[in-house]
Structure formats: structure tokens, C-alpha cells
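As C-alpha cells, the structure follows; a few thoughts come after it.
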Amino acid sequence: MSTPFLYALVGTGLFALGLFALIIHAHLLRKILALNVMGSGVFMVLVALAKRTGDAPLDAVPHAMVITGIVVAVSATALALTLMLKLNAKSGHAELPDDRRE
Amino acid sequence: MGAVFTEFPWGVILILLPVTGGMLCFLWPQIAKITGLFIVFAVALLVVGLAWQIFDNGVYRHAVGGWGAPLGVDLYADGLSLLMLAITALVGIGISVYSATYFKHEQAVLFWPLWLFLLAALNALFLSADIFNIYVTFELMGLAAVALVALAGSREALGAAMRYLLAALLGSLAYLLGVALLYHGFGTVDIALLAERAEPSPIIWAALGLMGAGLLLKTALFPLHFWLPPAHASAPTPVSALLSALVVKASFYILLRLWLEIFGPLVGGAGVEQLLGLLGAAAILWGSVQALRQTRLKLLIAYSTVAQVGYLFLAFPLVAATGVSAWSAVTYLVLSHALAKAAMFMAAGNLLCFGGHDRIADLDRVVQRLPLTAGAFALAGVSIMGLPPSGGFIGKWLLLEAALMQGRWDLVVVMILGGLLAAGYIFKVLGYAFTQADVSHESKAVPASMEWAALLLAVAAILLGFLAVPVLSLVSIGDPFGIGEVRP
Amino acid sequence: MTLLTWVFDSLLGLSLLWLAWRALACPDLFKAIVLFVAFGLLMALAWVRLAAPDVALAEAAIGAGLTGALLMAALAKLHPTEAHDDFTVPPEKNVTKVWSWQWLPAVAILLVTTGLGYVVLSLPPYAAGLSTEVAANLAISGASNPVTAVLLNFRGYDTLLEIVVLLLALLGVWSLNSASLDRKAAPGIVLDTLARLLTPIFILVAAYLLWVGAHAPGGAFQAGAVLGAAGVLLLLAGWRPRAGLMALPLRLVLVTGPATFVIVAVLTLLMKGQMLEYPPTQAGVLILILETAATVSIGVTLAALFLGGDPRKNNRNKNQT
Amino acid sequence: MNWNAWMPPLMIASSLLPGLIIFGLTEERVRLRTVLNLSGALVKLVLVGFVLWGVSQGQQYETRLALLPGLELVLRAGPLSLLFVSLSAVLWLVTTVYAIGYLEHSPHRSRFFGFFSLCVTATVGVALSGNLITFLLFYELLTLATYPLVVHRGTEAARHAGLIYLRYTITGGALLLVATVWLYTLTGTLEFTPQGFLDSLGAEHHTALIIIFTLLIAGFGVKAALVPLHGWLPQAMVAPAPVSALLHAVAVVKAGAFGIVRVVYDVFGVEFAANLGVLAPLAWLAAITIIYGSLRALFQDDLKRRLAFSTISQVSYIVLGTAIAGPVAAIGGVVHLVHQGLMKITLFFCAGNLAETLGIHKISEMNGVGRRMPWTMAAFTIGAFGMIGAPPVAGFVTKWYLGLGALQAGQEWVIIVLAGSSLLNAAYFLPILHRAWFQEPPSTWPKEFDFGRKETAWMLLLPPVITALMALAAGLLATSTFSPLEWAQFIAEHEFSRP
Amino acid sequence: MYDAPGRTRRQTINPSDYLSAALLIAGAVFFLAGTLGLLRFPDVYTRLHALTKADNVGLGLMVAGLAVQAESWSVVGKLLLIWWLVLIAGASVAHLIASGALQRGIRMWKP
């Protein structure tokens, strides 16, 4: 298996891991981590498959997209973390109401 | 003179202006309200300009950076985009007028920039012809919407905002993975080029699955609606109106576009439409029954949104044979629901402000005490129920027509049941609104502008019922549904 | 592909998956974050392997560095009082919900992933993507680094929106929280010195990355991230800006990036008829202007995100009471 | 656009505009409100008179507005429409006067009169509709406009009654909608046409058409209170008396009956419907309703409830006349639209007067009330005799034509129904009259209001007296020009016979 | 590993390459030792000890090994700058962690 496909598969694997963790974990910090892992997986698929150019120059478009994506991800993470802290301050739990196990 | 109008880049300004406005509000909070109102009205004028242009020149295409697809990003507007922009501007004006008095200083300073950025995101989304660019606009829209929900500050609102954020991000990521696959499969992210190049392949199915799931989550189609009721119910009123009226429609619009341009022609007839129709039917029934069971007004309205979203998906299985009327129905349902639901949430907000609560059983003769608001709720309700004369009725008529043409009695029954259930939950509210409650509550005056904003939007939803011919001919510009233009 | 690179790639891929799994499953949140940062650094390595050094820089600086700092700060605020012997916060209770039907999502996701893997492998082994188009227009794009050309020219519109997203996130954070501007007591001589020493270097590095970005890996985002890191360090060292600067001056700096973008968009619209269409001769200058403005904004925004609240709000509240 | 095209919208606007303005008035603006109400009603009367004259001269009054691609809103003032419009216009004026008197001291009058006007607007719209979708539009508007009137009192009981009212009417509306759309997908038109517009459909559609007919009749039957869809009507008695009068005599119940007339004559066509075999069951249903309503009325002690069941019975005369499928019976059915309106509104006005003046709600409380309120009870008596079908009151004319038409169509069984119904009518009205006129009055009335020397307020008294006289006149002068009967014959000539 | 256009790969092996390899391997040994120490040492102080010492030397050797391969002095300068930055950052952070641990009263490990 060539490098692009190997990493692309790793990317899908990360996406799946993140998705699973997002579903089964209740703690919001962990959900945020999970989303970040998922994002990394998507970015990896995007960049890995861009390496299939053979001898032609590199395809820079997905790289640029991923840089955009990374900035977007950190923005979302920052907002999510603040929201989590605020929720924790108000309710005493860093979990969503329905997910909390009493 | 004419040339200036037909050549002016209305579409671009539609995006840049609210961004600028948002930054101005951020820089000088003391003038946020004035700036916000000015920008919103200006955006409405720009939409009129764009409409003029599209009417004269046909579809609008703007190659950002001068590159053009596939290298650059294109903006594109046909009749469908135009209509979405128009409804955004119209509802936006209503919401802005309402918000101008609803939000007091501390919150107002925060509301206006967020709302203007959201407006920019919506406009950018409706104009985008590039699936990666759409991802960025989704994030812009999502973060703004979440922050707006959280403005309410209550524990419920924060929890709902958090849940909404997680759902929105998950949806975006699934969508983005689909984008990645499409790009690597066909070497472009431009919708029109993808439509040309794409051919049936595993990539198409995987992309459809991922993007579809992501967009359905954002659109809150049953059973992916779990995040919507708490978010829409606990947000500040103008924000609830915004979310239900516009934000949910934005992701639906993208889904519709992708289906029409890329996926529909390739995988049509393979059962995807039937699945969407089935989920839509389930959404109608589930959402309506849940709405009927609610004791809080805003939750009731939020569940009603879940149900109304279902109607939009009923069109998918009906398109095969009846094209025109099913897609026209969707267009009309989107428009009328946007107006009616915004009006309804605003009315609920007025009642909340008036009585300090939104318990339905304690509405206590608000028909008499707050007649404009009650009227707004009732008129919006008429459209939601799909009773004539209203925009909702036209949508429902067209949808029924499509269903009957195909002999889809199952969908007919669902639509009728949905209408009856809607009547049930709306008249439940109205019944209590006419009735004297056991305990009378103290009440607070509601500013006139908030009452009128709600009423005028509701009236617009009714008047929409008489505008079907021009509206449907407008939406056919550029033939978004692939069934030919209807020029008057 | 040689066997060695194959082994290396496989090991790296497996390490990534393992680290991600540990980060998501380990019961101690502190450890989870540390593992996540390690995961980010390995991701940067993977980007290098994928010939994406620009992404590697961005990932290392933003994905691992700043995100890690944000996560740590959030965790510290989540459990502010509890100190532990092993220097970590208490393990989260009920790490995973003990669902009897946990296998259900697991199986579903496994199936979907298998399908996705199949789809990925069904792609042709060679595809040019847009590389030829990018290469053909690189000369007139104003930047010789293709990534920069895409970010600032070909798809400059995405970048415009993205910078607005960053500003919006800050706005969201500020709408939720206020931050104290009181100087933290006794930051410690070591940290203080470190911050004093490193800040000019960070600024220098940022400038270098910004300048080099036109023709080599680097650019506004990486430079901005380094600038942001400097800000984070200063904040950690207890340094706080003067309250007087927090109103308009800070906000002006924050909007510099998006505002410059909008101004350039309008100007190009007026001159060339298309938004962000640069005249080829001035493209280089315009890109440099845009990148400089973006770098400043990104750096300050990231630092402000780390501060985690509206500094002005707090100030105002205090004045009122 | 010529002037004729303006007439139908003007007829609608003459009640719509005053209604909308009244919504905006505060409670205290009594005089302005009264002026608006009465001038609206008068303007409408003038317009109707003008158009009546025009139509009799062969003028066309039609307005079209595109609603959907290929589908228009059509308002057309044909002879049949005008019969209903005239009834509404006249009774609106009378009822408005009555309502002003009735509600003199109660709250929420602006709201009441606003919806009242809307209700009349919807009724006139129903009357003028030139196709099924327009009909549907105004028909649903009528539902919406009457709901606030039903729950007007704001009590828990009113809310409950409103809920039941809606449950029936909204479901009926939904059935209508399905049937209408279905019909449209089959034919591509919904335009009311004499002899119907379904001739061209082949036999393969006949099953579908039978189902559509059933759905339409069920939809209209709800408002027309056909058994077993009548359950809402007695419940709606909780509303104020003018509302009951309006619901029973003019607006809601009549709209339903009118809808059935339209469906049979202008959608399906009598012959086509008869050939489909759907008219006989309809006639039977009407007959059952007539007998059932009368039987139930017999056992009600509450005056308004007795009148309500009487309405159920009487409205089905219209349906019966339509379903017999003969020209003479058709005249009987159509003319009963007017006759029943005049008589029943008289009865409800009187019932309202008894309640408002003496606090009488039950028949058992009516002993000797004729001496205390002779004028009211005189009007009541005329109405009651009309209902029984005693000449020379209008009701007799109806029954005469129905019977004649049935014989002509070879359906003798109808005579038995008519006779039985008349007997039952007598059985539940005559005891009331006996009590009122021939029993000793009690020493005190349940809740007496003081009106000085008069028996009650003149605004309450005048309307029933006028409507009673009109009912009498409609019977006595049945053969004069412009009498309801003459007009019904004119309709039968113009609309029900093949051109 | 970064295939930037314009850069040519040297295919022949020079003596300097052996020096690089030796330095790099030596660096890797230190890294390994440091990592082992981090994982196996009993408390925070001893772990810090293992980490910083090994890291600094290991990185220094790595930098030296790469510097031998450098094409220009500016690259050497950058490499040295990196090493220096890691040195002061590592030292400062180790100090901070240790003093923080002391402040919280974490006792030192006694065998």
C-alpha cells in the first residue's frame, strides 16, 4: 500500500475513533478532544490523498484547505471550552444534562 | 443608469457589508444598534438590486479573485438562491427591529456583531458555489448561532448551546470528509464542475452518506433532531426566531442544492429519496405529537419546527414524476415556514416578556390583553397548519398535488395527520389565550415594536399565499430544479 | 517506496491511532490532554511525511501547541481547587458510560469505517488534483509557495471568512466570560525571565515565518500562531496589558486582519471588477500586506482566546461597583 | 377591468374593512364602532341590491386572481351565489343591531365585532366563490373566524366547546382539501360549472370520484351538521346568542349546506352524480338527519339546545332537496336556505331575549312568559310555526316544494319523512308555545333585568320582530317578484338545467 | 524527507556522513535513556532529572549531527537557535514543575 493510502486509512481510523469517543463519553472535555481527533482524521485524509500526484508538482489546494480547517478547529475548540466552563460554573457538571449518570 | 444596476456586484457586497458591520459593532459597541439596523436594511436593498440584476441578466456568477472554478471560488445565484437571500433579508429585518428593543445594553452589545456575522454567513452560504467554501460558511454560521443561543445565559441555554455546538461541529466534520472524498475523486470543489465530472462510483455514495448525514444533523431531521428543541427553546427570543426560520433552512438549502446538482442525477431512484421521505414523515408525526405534549410555549414551537422540517423532505420521493410541483412545494414551505416560525417565536417572546413565563395553561386572556401578539401567533399558526389563505397552504397544496399525482396515499395521510396535529397544538395555545386562568399573574408592558415586528412577519406569511405565481416564476430563474424556467 | 519508509509510516500511523485512543480513553483528563498534545506533535510528523510542511507547522503551533494550552487552561479552571499528589487532577468518574449497548455504536462505526476504507482504496493511485492549475498560475499569484498562493490568492475568499471565524470565536468567548486583568501574584523569577527573553525571539520568528511564507513553508497562520504563543507565555508569566488598552486599541488590533481583507476585497472589486482579484504586478505586495495584518490579528486573537474572557467587561463591572 | 369585476371584491370588502378597522378600536369607541358596523352592513345591502338587479338583467360579475400557476381565485356573482349573499347581508344587518344591544355591557366588544365581520366576510366569500379552491379558502376562513366567537366568553366551558368545534371542522377541512386536490389532479380544473365538469372523465375514474364525493360531503357535512358529524353544534351553544344565531341561521351551517349544493350541482352535476349512484345515499343520510335531529330536540329542556337539534334537522331539508335530483325539489332545497335562515334566526333572537331579560334558559322556566314579553313570544311563535311547516309561514313553501319534487322524482318515501318530521317539529315546538301563552307565570323570574316599561331593550326586540315578519312575508308573498321562491326558480332555470 | 523542488539529493556517501550518523545515533541513545527514565523513575523530581538532562544532551547531539550536513551557516545558526531555545525552555519548565511540586508538598522519593 502506498503512503497516501496508508495515511488516508489512518485518517479514516482517527475519524472513527473520534466519533466513537464522542458518542460514548459524557464528559464534555473528552467530547471536545474527540471532535479534535475526528478533525485531524479528516485533515489527514485530505492531505494524504493529495500526495497522489506522482511526478507532477504537489497539490497545494488541500494543504491550504487543511490550514484553514486547523484555524477553524481551534476557534471552535476555544468556544466549546469556554462554554463548557460556563456550564460547569452554572450547573456544577461538565456534562450535558441527559448524559449525566447519577 | 440601468447598466449600473445590472453590472453592480450586489452579491459580493451582500457578504462584505454585514462582515464590515459586524466589525464596526465590535469596535464601537455604543453604536452597535444603529449600525446593525442600518446594515440589515441595506442588505435588504442589496437583495432587491440582486433580484433586479438576476431578472435582467439571468443567473449571477462572480469568480472571486478572477480565477474561476476549479482554481478559485465562485459565487453563484439563481432564482433559488435569490429567494433564500430575500427571505433572509425579510426575516432579518423583522428580527432586527424586534431585537432593537428586546436586548438591553449589556446583551445588545454582544448580540449585534454576532447577528451581523451570522447574516454574513447566511448570505455567503446562499451565494456559494463551492463545497469547501460552504464548509467555512457553515462554521461561521454555527459558531455565531451557538454564541447567540448562549447569550441567554441560563443553565438550560448553556447546556443547549453546548449540545448544539457539538452537533454542528460533528455535522461539519462529516460534511468535510465528504468534501475531501469528492475533491480527491473528481479534482474540484466547484458544484457545477462536480456535476459535470461526477459519475456513479463508491465515492459518490460515500460522499452522499457523509455529507447527507452531516447536513441532516444540521437540519435536525428526525431522528437527528435531538439538539434542536432545547437550543431553540432556551435561546433569547430573536435568536430562536433566527435559528428556526433561517439557520435550519441554510443547511437544508445546501442539501437540496447538492442533491439537485450532484447526487440526485447519479443515485436517483436507488431508494435514497424514499428514505428521506420516510424520515420526513416520521419527523412530521413525532415532532407534532411532541409539540402537542409540551406545556411550555417555546418548546412547543421548537418541536413544531422539527415537524415542519419533515415536510421539506416529503418532496424528495415525489420528485421523480412530478418535478415542478414537489420542488415548488418545498420552496414555498421553506419561505412560509421562515416567516411564520419567526413570527411565532417572537409572539412567544412577547408573551414571555408580558407574563414572565411561557406556561401555556396560564396564558390568561392574552388575546385581549396583548391582541397584536395573539394575532401574530394566530396568523403564523394559520400558515403552519397549512390553512388557506397562507403561504403554508400553497406549499401544502402543491405537495399534496404531487403526492396524489403519484398515488402516494401514505404521504397524503401523513400530511393530513400532520396538519391536524398542528391544528391541535396551535389551537391548544389559542384556546388558553382566550381563557381566563385560575390565577392571574402580574404583567409587564411589551414594547410596541416587538409586537408589530411579530405581527407584520405573520401577515407576510399570510400574504405569501397570494404571491405564488410571481414567486414561483422568480425561483425558476436559472432552472435550479432542472425542469425549465417559467417566465411570466 | 522502500521497506524502511513503509515500516516508518506504518509505525507512525499505528502510533497515531494508539495515541488517539489513549487520549480518548484514559481515565485521567490531565493525561488525556498530554496524550492529545503528543498526538498533535506526531500529526505534525505525519504532515512532514506527506510533504505538507506548511500544515506541519500549523499543526504543531496551533493544533498541538495552542489547542493544548487552551485545553490545559480549561482543565485547570474546571478543577481549580483540587491539588493532587501525582500532580494531576482527579480521574474523571465513569470515564466511559457503562452501556450494555456500547457495542452497538462500535459495530456501526466499524462497519461505516470499513466502507469508507474501501472507498478510499477505490480511488485511482494517481491524481493530479489541481496541482497543474496551481503551478500554471503560480507565477502571477504573487507568491512562489503554492500553499500561500492558494491561501491568499486563489482561495483568498476562504481565508477571509476563516479569519472572521476566528474573530467570531473570540466574540463568542467574550460574550460568555470576562477575564480579570489583575496581575497574577509572584509569577516567579524564572518564568518572568523566560518570558522576557523569549518574547522578542518569538516576534522575530513570527516575522521570519511571515516573510518566508511567500516562497517557502510558513506564512500568516504559522506566524500568527507563534505570536499567539508569545502572548500565551506572557499571560502565563502573569503579564497583563494595561486596562486602558483593552477597549478600542485591543479591538482595533483584533479586527486588523479581517478589516484589511475586506478593504482589499472592496478595492480590488472597484479596480478589477472581481473581489480579491489582484493586479499581477501588485499581487506580491498585496499578499504581504494581507499576511502582515492577518498575522497580527491571529496572534492577538489566539492569545486573547487563551485569556478566555472579555477583559473590558470585567473592567467595566469593577468600575460600576 | 370594468366595473362589474369590482363588484364581488367590493361585496367582500364591505364587511372585511370595517372588521379590520374595528379590531384596532379600543373598547370605549362605541359610537364609531356602531357606525362602522351599520354602515358596512348597509353598504353591503346596497351593493347586493345593485348586483341582484344586474344579474336579473343578465349582467356578469366576475373577478379572477391567479393563485397558483394554472389555478385562480374566482369570485362570481351568479344567481345562486346572490341568494346566499342576500341572506347574509340582510341577516348581518339585523344581527348586528341585535348584537349591539345584546353585548351592551359585556367586555371585549371590539374583538367580538371584528370577528363577527370577518365571519360575514367569509360567508359572503363562500357564497361568491366561483371554484372549489376559492370555496375552500373562504370555508376555512369561516372556521377560523367563528372560533373566537365560540370561545368568546373565555370560560373553561367555552374553551372546551371551541376545542370540540375545531376537532370537527378542521378534520372536515382536511378531508375537503384532500378531495379538492385529488379532483384537481384528475381534471385540471376546479371551476364551478352548471351540470358539473366531470363528464369527460372515463369510467375508470368512477371509483375515485365516488370516494371524492364522499370526502367532499363528509367535509361539508361537518358544518352542515349531517348525522353523524353533528356533534359540535349543540356544544357550540356556549357562545353568546347572536353568535348562535349567526352560526345556525347564516354562516357556518349554511356554508356547509351550500357546499353540498355546489358539489352536487356545479362540480358533479345532478345527472352525473345520480348516475354515479351517490345521490340516493345522500338523500337517505339527509332523511336520517332530519328525523334524528327532531327526535333529539324533543328531549332537550335547554331552549338553545332544543333549537340546536332543530337546526340539525332543518338544514338537512336543503341537502334532501338537493339529493332528490329533481328540479322542483331543488327549488325547495335552495329556497329553504333562506327560509330556514329567517325562521331560525328569529327563534335564536327570542331565546337570547329570554335569557337576557329574564334569565330564562330552560323550557321548564318559560311558563307564562308570553304575558311578560308578548312581542318576543309572538315572533317566536311565527318562527315555530314556520318550522313546523304551517302555512302561510315560509317553512310551508319549502316543504310543499320538497314534497312535490319528491313525487315528481318518484321518491315517495320522502313524503313520509317530511310528514314525520313535521309531526316531530310540532311535538317539540307546540309545548313551548303552550307553556308560554297558556300557563301561569311564576312570581319571580330566574334573573330579571329592568328595562322600565318596555318588555326589553328595543335593539333586542326589533330584530326578531323584523325577521319574523320577513319569514311571514316570504311565505305570504312567495309568488311576487324578488321573493326567495321566485329567485330559487330563477336559479333552477339558469343553473340547474342544461343550457 | 521534504522534497522541495530545486534541491538535489546527494547519492554518494561522504566521510562527514559517518560523523553525522554517529552523532545522531548517540543523540538517539540519550533520548531513549531519557524516555526510559521518564517512564520508570519513581517520582516527579527524578523523572524531571532524567528528562531534562537526557533531552538536552540528546538534542544537542542531534543538532550537531544535522549541522554537519548543513549547506550554509545560516542553517547551522537556525539549528543552534533551536537547541538553545529548547535548553532554556526545558530548564525553565523543569524548574517550574519542580517548584510547583515542592509548593504542594510532594515529597521526594527515598529508596
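Should a chain be cited, it is by its letter among A, B, C, D and E, assigned in written order, with residues numbered from 1 in that chain.
Everything below uses one rule, namely that a contact is a pair of C-beta atoms (placed from the backbone, for glycine too) under 8 Å apart; a residue touches a chain by one contact, two chains touch by 3 or more.
If you're wondering where the values come from, they're calculated on a predicted model, not measured in any experiment.
Q: Could you work out how many touching-chain steps separate chain A from chain E at minimum?
A: 2
Q: Following contacts chain by chain, what is the lowest number of steps it takes to reach chain E starting at chain D?
A: Counted as steps through touching chains, the separation is 3.
Q: Mind having a look at which chain is the central one, using mean CA positions?
A: B
Q: Name whichever of A-B and B-C has more C-beta pairs touching across its two chains.
A: B-C
Q: Averaging only over C-alpha atoms, locate the centres of chain B and chain E and give their separation in whole Å.
A: Inter-chain centre distance comes to 55 Å.
Q: Can you work out the whole-Å distance between the CA centroids of chain A and chain B?
A: 27
Q: Just give me the whole-number Å value for how far the CA centre of chain A lies from that of chain C.
A: A distance of 13 Å separates the two centres.
Q: Approximately how many whole Å separate the CA-defined centres of chain B and chain D?
A: 43
Q: If you look at chain E, which of its residues touch at least two other chains?
A: Not one residue in chain E touches at least two other chains.
Q: Which residues belonging to chain C are in contact with no fewer than two other chains?
A: Counting only residues that touch two or more other chains, chain C contributes 49, 51, 112, 116, 120, 123, 127-130, 134, 154-155, 158, 162, 165, 168-169, 172, 176.
Q: Which of the chains are touching one another, listed as pairs?
A: A-B, A-C, B-C, B-D, C-E
Q: Which positions of chain B touch chain D when the two form their complex?
A: Those in contact with chain D are residues 365, 367-368, 371, 375, 378, 382, 385, 387-389, 393-394, 396-398, 400-401, 404-405, 412, 416, 419-420, 423, 427, 430-432, 434-436, 465-466, 468-469, 472, 486.
Q: What does chain C use to touch chain E in their complex?
A: The touching residues are 48-49, 51, 53, 83, 85-87, 188, 190-191, 193-194, 197-198, 201, 216.
Q: Inside the complex, what are the residues of chain A that reach chain C?
A: Interface residues on chain A, with respect to chain C: 2-10, 12-21, 23-27, 29-30, 32-34, 36-37, 40, 43-45, 47-54, 56-68, 70-79, 81-86, 88, 94, 99, 101.
Q: Which of the residues in chain B come into contact with chain C in the complex?
A: Checking each residue of chain B against chain C gives 9, 12, 16, 19-20, 22-23, 26-28, 62-67, 70-73, 110, 113-114, 117, 120, 124, 132-133, 136-137, 139-140, 143-144, 146-147, 150-151, 177, 181, 183-185, 187-188, 201-203, 205-206, 209.
Q: Inside the complex, what are the residues of chain B that reach chain A?
A: Answer in residue numbers: 132, 135-136, 139, 142-143, 146-147, 150, 154-155, 158-159, 161-163, 165-166, 169-170, 173, 176-177, 180-181, 183-184.
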